[in-house]
Amino acid sequence: MEPPAKYLYYPGCSLKATGVAYEESLLTTLRLLEIPVEELSDWNCCGATAYMSVSEASATLLALRNLALAHQAGTKDVLAPCSACYLTLRKSHELATHYPEAAKDVERFLEQAGLPRPDSVRVRHPLEVLYTDVGIQRLRELTVRRLQGVRMASYYGCQAVRPYGEVDDPHEPVRMDEVLRAVGVETVDYPLKTKCCGGSLTGTIHEVGLRLNYILLKEAQRKGAQAIVTICPLCQFNLDAYQREIRKQTGEPIDMPVLYLTQVIGWALGGGFRELGLHRAISGRKLIEQWFTVKKEAETYV
Amino acid sequence: MSERNGEVRIGVYICHCGVNIAATVDVRAVAEYAATLPGVVVARDYKYMCSDPGQEMIQQDIRDHQLNRVVVAACSPSLHERTFRNAVERAGLNPFFFQMVNIREHDSWVHSDREAATEKAKDLVRAAVMRVYFHKPLERRRVPVNPDVLVVGGGIAGIHAALTVANSGKRVYLVEREPTIGGHMAQFDKTFPTLDCAACILTPKMSAVKEHPNITLWTYSEVVSVDGSVGDYRVVVKRKPRYVREDLCVGCLQCIEACVFKEAKFDDEFNLGLSKRKPIYIPFPQATPKVVVIDPEACIQLRTGKCKKACLEACAERGAIDFEQKETYEEIHVGSIIIATGFQTFDPRRMPQYGYGKYPNVYTTLEVERLVNASGPTGGQVVTRDGRVPESVGIILCVGSRDERTNRWCSRVCCMTSLKLAHLIKEHTGAEVFIFYIDMRAAGKGYEEFYQRVLNEGVHFVRGRVAEITDWAMDPSEEGKLIARVEDTNTGFVRRIPLDMVVLAVGLEPQFDALNVQRLFGIGCSMDGFFLERHPKLAPSPTYTDGIFIAGVCQGPKDIPDSVMQAGYAAAEAIALADTGFFELEPNTAYIIAEECSGCKTCIPLCPYQAITFNEEKKKAFVNEVLCKGCGTCVAACPSGSIKQNLFEDEEIFSEIEGVLAYA
Amino acid sequence: MERQIRYQREANLEWARQFTKQPGGERLLSCIQCGTCSGACPLSIYMDLTPRQVIALVREGFREDALRSKTIWLCASCYACAVECPQKISITDIMYRLKREAIRSNLYPKRFPIPVLAREFCEMVRRRGRNSEFWVVFRMALRSNPFVLFSMARTGWDLWRTGRLSLRKERIRRINDLQFIPAASKEVD
Amino acid sequence: MEDKPITDQLVTSADWEPLVVAFFCNWCTYTAADLAGVSRMGYDHNVRVIRVMCSGRVDPQFVLDAFAHGADGVLIGGCHPGDCHYVEGNYKTLRRYHLLKRVLRDLGIEEGRLRLEWIAASEGEKVAKTINEMVEQVRALGPLRLTRRFKEWDAELASHEAEAQSEEVATHA
C-alpha cells in the first residue's frame, strides 16, 4: 500500500490537555519523518466512552461530524492518536455503514449540518503509520541516536487493538516492540500489554483504578522493564500521574517513566527534549533526564 | 405432440407430509388447481404419499383411469424419486413417465407466507405437468460392479472396514499414508469408559489385517489419482520409498541399534516430539507392518551419501536395507471405495491465551495420552517437562471447539477423554485435578456412570471457560505456577487457580489435506470441512458419489465405538454393492440425432469422459452411452440442436420454464 | 429476609426480544454461559454481578436486575470480553446499551460517580463541542462526592506544574452543527 | 430508444412482485437448496428452481426463454470450480455466462438480471443469501415483463402494418 501524501490530524480533547506531550512528540516525530500533517479544522469531541453511555446515536453523529469535515478537507487519512478517539471514530463509521437505522440518522444529520458523507475517509493510528506506512526498515535508517541498555515494556492498553484488531493482533501484539527495536530500544516480554488501565475509573472509583495501574507497573518492574511505553493519552496519564499515590498506598518504591511511543521514536530520530514534551513527565523524571539529555542539547535547553 | 405420445392422461398427487407441507401449503387448493390443467385426469392430496396406501392410491388410479403420466409433489427427488418410479413401474407404466415436484425442501420449509407458498406450489406443479407431457419411456441402465474394494486410511475405522469386507470374501486394498496402520487409537493409553488398554484391543486387529489373505496392505502410500465411477474405479497408489524392503525385513530392529547415531536426536512423531528417535526407526513396537523405515531428511547416507552404513552391515544377510529404493506406482481396479482418513487435532497455538508453545507445561490431551502410557516417552510417569510430579493439574475443555473464532462444532470426544485423563492423572500422581468445562457431555453407554465415578474420586469440576493461562503471580502461593483465570460460573465469582500442569482438550478437525482428498474422490464437504454424507440421518456413510463411502472421524467427530459402527456400515454397503453385482444408473445420457448433426465437432472437446467420437466417414458425431455420465454440457453447446439428453430433453425444460412462468 | 424468587410475570420478554434486534445485541441468544467474558474482564472482581450473569438476566428479560447492577457502570469499555467471547457477542456494546437505558429510566445509583461523569461529559460536549477534562472532572466531583476533590489536589498540582492542566474552556466555531444532534434525553432506542 | 434499458419505459405497478427462475445443478446447488430446506433457512418466495444435472446443461436459450416468458431475473447455481461432479462442466457454464451477459447487454436487458453463483452442497446458507440478494436486486431493477412488451410491440407492429396497408390501399385507389 502506498503511504498517503498527507495526514489530517485529529487531536481529540486529551491531546490538548493532559496528553499534550503526545501531541508535541507526535508532531515532532512526523516532522522528522518529513510526513506532512495538518490539524483538522474545527474538530469536535469524538463522543468517546462517556457519550456512548448516554446516547449511541448522538455519539455516532458527533464522531461522524469529524469524519465529514475531513472528507470536506479532501484528505483520506485521519490520524487519531488517542485510543478512545480511534475506536469511537472507527466504530461510528462502521455503525453508519452496517446499520440502516443508524445510517438514516447520519444522513439526516449531515444534510442538516450541510456536510458530505465521509465514505472514503480512513481512520488511522500513529502506530500503524510508523509500522505500515513508514516501515521498520526506514525507521532503522533514519535513527540518529540510540538508547543503549534501556529496557522498556510496550503497553497498548485496550482500545487501540480491540475489537477491530487492525492496529495489531488483539492477543499478542508485536508491532510496538518491533518499532522500538528498530530504533535500538530493548523491549521486555510484557504479558499485560493489552490489559486495561481502568480508563476513567481512576477518577470515579479511585481505589479500583489505582489497583489496576499498580498491577501494570508492578509487572513491568518484575519483567525487568525500566520504563513503560504507551500509545494512549489516558493510559499514560493513569500510569504516570498516580505513581505517588500508589507508592503511598502499597509502600513499594515504584518510580517509573511512562513514555509515549512517539517520544521515544522522536528522540531516536533527533528530536529535542522539550519539543518532545519529555519535560511534562510526572514520574521517573530523573531517569528521563538521564536518558534523554544530550550534551549539546542540554546546553540549549538548560 | 399428442401424435407422438398418444393421448396424455396425467395423475397429480400432492403430499401433506403430515403437516410438514400441509401447514404452509394449502394442499387441497393445489390439487384442485392441478385438476384444471390440460391433460390432468385426476388430482388428489394425501397425508403421506410415500406410505404404502399412498403408493397404492397411485397404482389404483393408473389402473382405473388409464393414467400414463404421474406427477407427485412432495419432498426432494433425492429422497423419494426412486420410490415413486418403482410404484409407477409396478402398476405397469414405464418408470420414467414420472415427475417429482419438490414442495417441501424448496417451498413449505423455507417460506412462511401460506398464500405465497401455495402459489409457488401451484407454479411448480404446473411446470411438472407441462414437463411430464413430453416424457418418454426409457430403459433402466445398469453397470457391472467389480467386487474389489479400496479402503483409504488405516486407523480403527479403516481397519475395521477392511477386515469386515475381507471376511466376506472380497479383495481389499488398504492404503495408509503413515509407515504403520493404527492411527490415533494406537497413541491412546486407555479407552473410556471401560479403561481397556487401547493397544491391547487394537493390535490384534492390526495383525489380523496383516495376515488376512484377502487384504493387500500398502502403508507409507497415498492415492494419487481416481478415475472411473461406481462399479469400476481405476485408482493409482503411490508407494513412497521407505528405503527398506518390506518383503525382506523381519523387524529384528538390529539396524536401529547399529545406526551411526548413537543418540536418538530426531523428534519422534508417534510420541508427538516428547521423545527422540534415530533416522532409522520403527514408529512403535507393535507397528504393522513390523518394518523399519528410514527418514531421508535425517539419514546421513540419504542426505550426503557419506555414511559408513552401519545399518547395512547389521542387516547383512537379509539385505533388506535399500538406499536406492524409489517410489513406485500401483494401479488397481475396484468397484467401491471406503474413505476413512480420520482427523487432526486442533493446534492450540491458534489460541495464544492458553500459552501452548510458550509455557512448557501446557500440554495437549494427545500428549498426555503418551505421558500416561507405560510404553510412552516417560515410561508412564506423569511428570512436567522439568521433571516434577505435578501437584495440581488443570484440564481445559472445548479448546478449539464450540468457538466461532476457531471451530464451531462440539468435538464430542473431549469430555470423555478428559474424564479418563483426569482419572489416570490422579491415579498416577495423586494430584488435585481441575476440569474446566462449559457443559459436560457424557452421552453414551456407561459414560454418565464414568462421570459419576470421576466426580466421586474428588476431581474438581469448575464450570467456566478459562480466559487465560499466565505465569504471572499475584500471590506468593502462585509463584512458579501456571495460573488459570476463570469465572467459576457455579459460584459466580472469578477464580485464580495455580497449576503445575495444564492440559488442553484440543478438538478434532478435518485433516489438513481433506480438501485435496475431497477433490480427488469427487465427494463433498460440509461447512465444517468434514466429508459430506448423503443424508445426515438415513445415509450417514454413503456419499453423493455412488460407490464411495465414508467412515470414522473424516465424516465428523465421533468416538471409537461410533467409528467402528460406521466402518461396519460402510463395509456392509460395499459388500451389498459387490454382491448385487450391478448398479443402476439414471438413464440421463446424451444421444445424437444423426440426420441433424452438422458435423461441426463443437461437442467433441467438451466431454470430460471422451464419450463423443466423430465418424469421419459419415461426418457425424456419436455418443457412447456407456461412457456418458449425463451432465448435458454437450447438449447445451450443440449449435444444430442435434444432441439430446434423456430425462432432460430441451422441450421438457422449455415447458418447465414456461410452466413456472405461466402467470408472469 | 428478602425473598429471592422471580415470578415469570416479572420477566419482560418483549424487552429481551427487542434487545437482540439492536446493534450489538444480535448474537445475544448465542451465549453459552461459559464465563469467558467474566474471566477476561479486568474489573469483574469488583462487580456485583459478573458480565455473564448480566447477559443471562438480559436474555431472560429481568430488566430491572440488569439495569440496577453496578456491573454496567464498572465496565471500562476495554473490549477484552468481546475479543475473547467464543460466540462473538459484543458484550461491551450490550453494557453501553444498558447504561443508556439505566440513565433514561433513572435506575442508576444516584451518587455513583460514573453515570454522573457520563452526563457531565455529554452536557459539556453538547454545549461546547469539546470536553475540557478539568471542568468535567470538577463538576462530576461536585455532584457525586465533593470530598474527593481534596484527594485529587495533589495530582492536579502535578499536572499544573508540568503544563498538562488546562483551565481553558474549549469551544468549536460551528457549534450550530451540533443543534441537529437529537438531545440525549429524548433519544428512544 | 434501443440504448435505454427496456425497463425504463415501464411504469412500476404497486402490486408487482419480481420473479426469478433458478437453474440449479443436481449435485451441489440443488442439494444445498435441499439443505436450506432441512435447516429451515427462510428465503424470499419469488424464486422457482429448475433442476438440471449440471450447470453445464444450462443452454443460453433456457435463459433467454425464461426472460421471454416473463422472468425478471435468472439465477444459475453450480458447483465451485474444481468441485464439479462432471469434472469441468461449471467452467463451460462460466464461459457461456460471460457471453450471455454481452448478449443481454446488447438486447437492452440489465446485466444484474442474470447471476451465476457457485454454491457447494453444504452451503445452504449461501442459497438463502443468494436468492434473497437476487430477488432484491431484481426488485430494485423493476419489472422486465417481456411478455407484456411483446404484446405491446405486436400491437404496435400490427397497427403500423394496418396503417401501411391502408396507405397502400389509398395510393392504389
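To keep things simple, chains are lettered A, B, C and D as they appear, and every chain counts its residues starting from 1.
By our rule, a contact is a pair of C-beta atoms (placed from the backbone, for glycine too) under 8 Å apart; a residue touches a chain by one contact, two chains touch by 3 or more.
As the structure is a prediction and not an experimental result, all values here were calculated from the model.
Peer 1: Which other chains touch chain C while also touching chain D?
Peer 2: B
Peer 1: Spell out the chains that contact chain B while also contacting chain D.
Peer 2: Of all the chains present, none is in contact with both chain B and chain D.
Peer 1: By the contact definition above, name the pair with the higher C-beta contact count: A-B or B-C.
Peer 2: B-C
Peer 1: How many angstrom lie between the centres of chain A and chain D, each centre taken as the mean Cα position?
Peer 2: 54
Peer 1: Roughly how many whole angstrom separate the Cα centroids of chain B and chain C?
Peer 2: 49
Peer 1: Report the inter-centroid distance (CA atoms only) between chain A and chain C in whole Å.
Peer 2: Distance between chain centres: 23 Å.
Peer 1: Provide the list of chain B residues touching at least two other chains, using ranges where the numbers run on.
Peer 2: Answer for chain B, listing residues that touch two or more other chains: 353.
Peer 1: Which residue numbers or ranges of chain A touch two or more of the other chains?
Peer 2: As it turns out, chain A has residues touching two or more other chains at 171.
Peer 1: Can you give me every chain pair that touches, using the contact definition above?
Peer 2: In this structure, the chains touch in these pairs: A-B, A-C, B-C, B-D.
Peer 1: For chain B, which residues count as touching chain A in their complex?
Peer 2: 352-353, 470-472, 474
Peer 1: What residues on chain B touch chain C, complex-wise?
Peer 2: Residues 353, 398, 402-405, 438-439, 463-468, 485-489, 492-494 of chain B touch chain C in their complex.
Peer 1: Flag every residue of chain D that touches chain B in the complex, lowest number first.
Peer 2: Where chain D meets chain B, its residues are 19, 21, 27-28, 31, 33-34, 36-38, 40-43, 45, 48-54, 56-62, 65-66, 69-72, 82-83, 85-89, 92, 96, 120-123, 125, 128, 145, 147.
Peer 1: Taking the touch rule as given, give the residues of chain A at its contact with chain B in the complex, in rising order.
Peer 2: Within the complex, chain A contacts chain B at residues 171-172, 191-192, 215, 219.
Peer 1: Flag every residue of chain B that touches chain D in the complex, lowest number first.
Peer 2: Those in contact with chain D are residues 76-78, 102, 104-107, 109-113, 116-117, 120, 123-124, 127, 518-519, 522, 524-527, 532, 536, 544-545, 588, 606, 608-609, 629-633, 635-637, 645, 648, 650, 653-654, 656-658, 660-661, 664.
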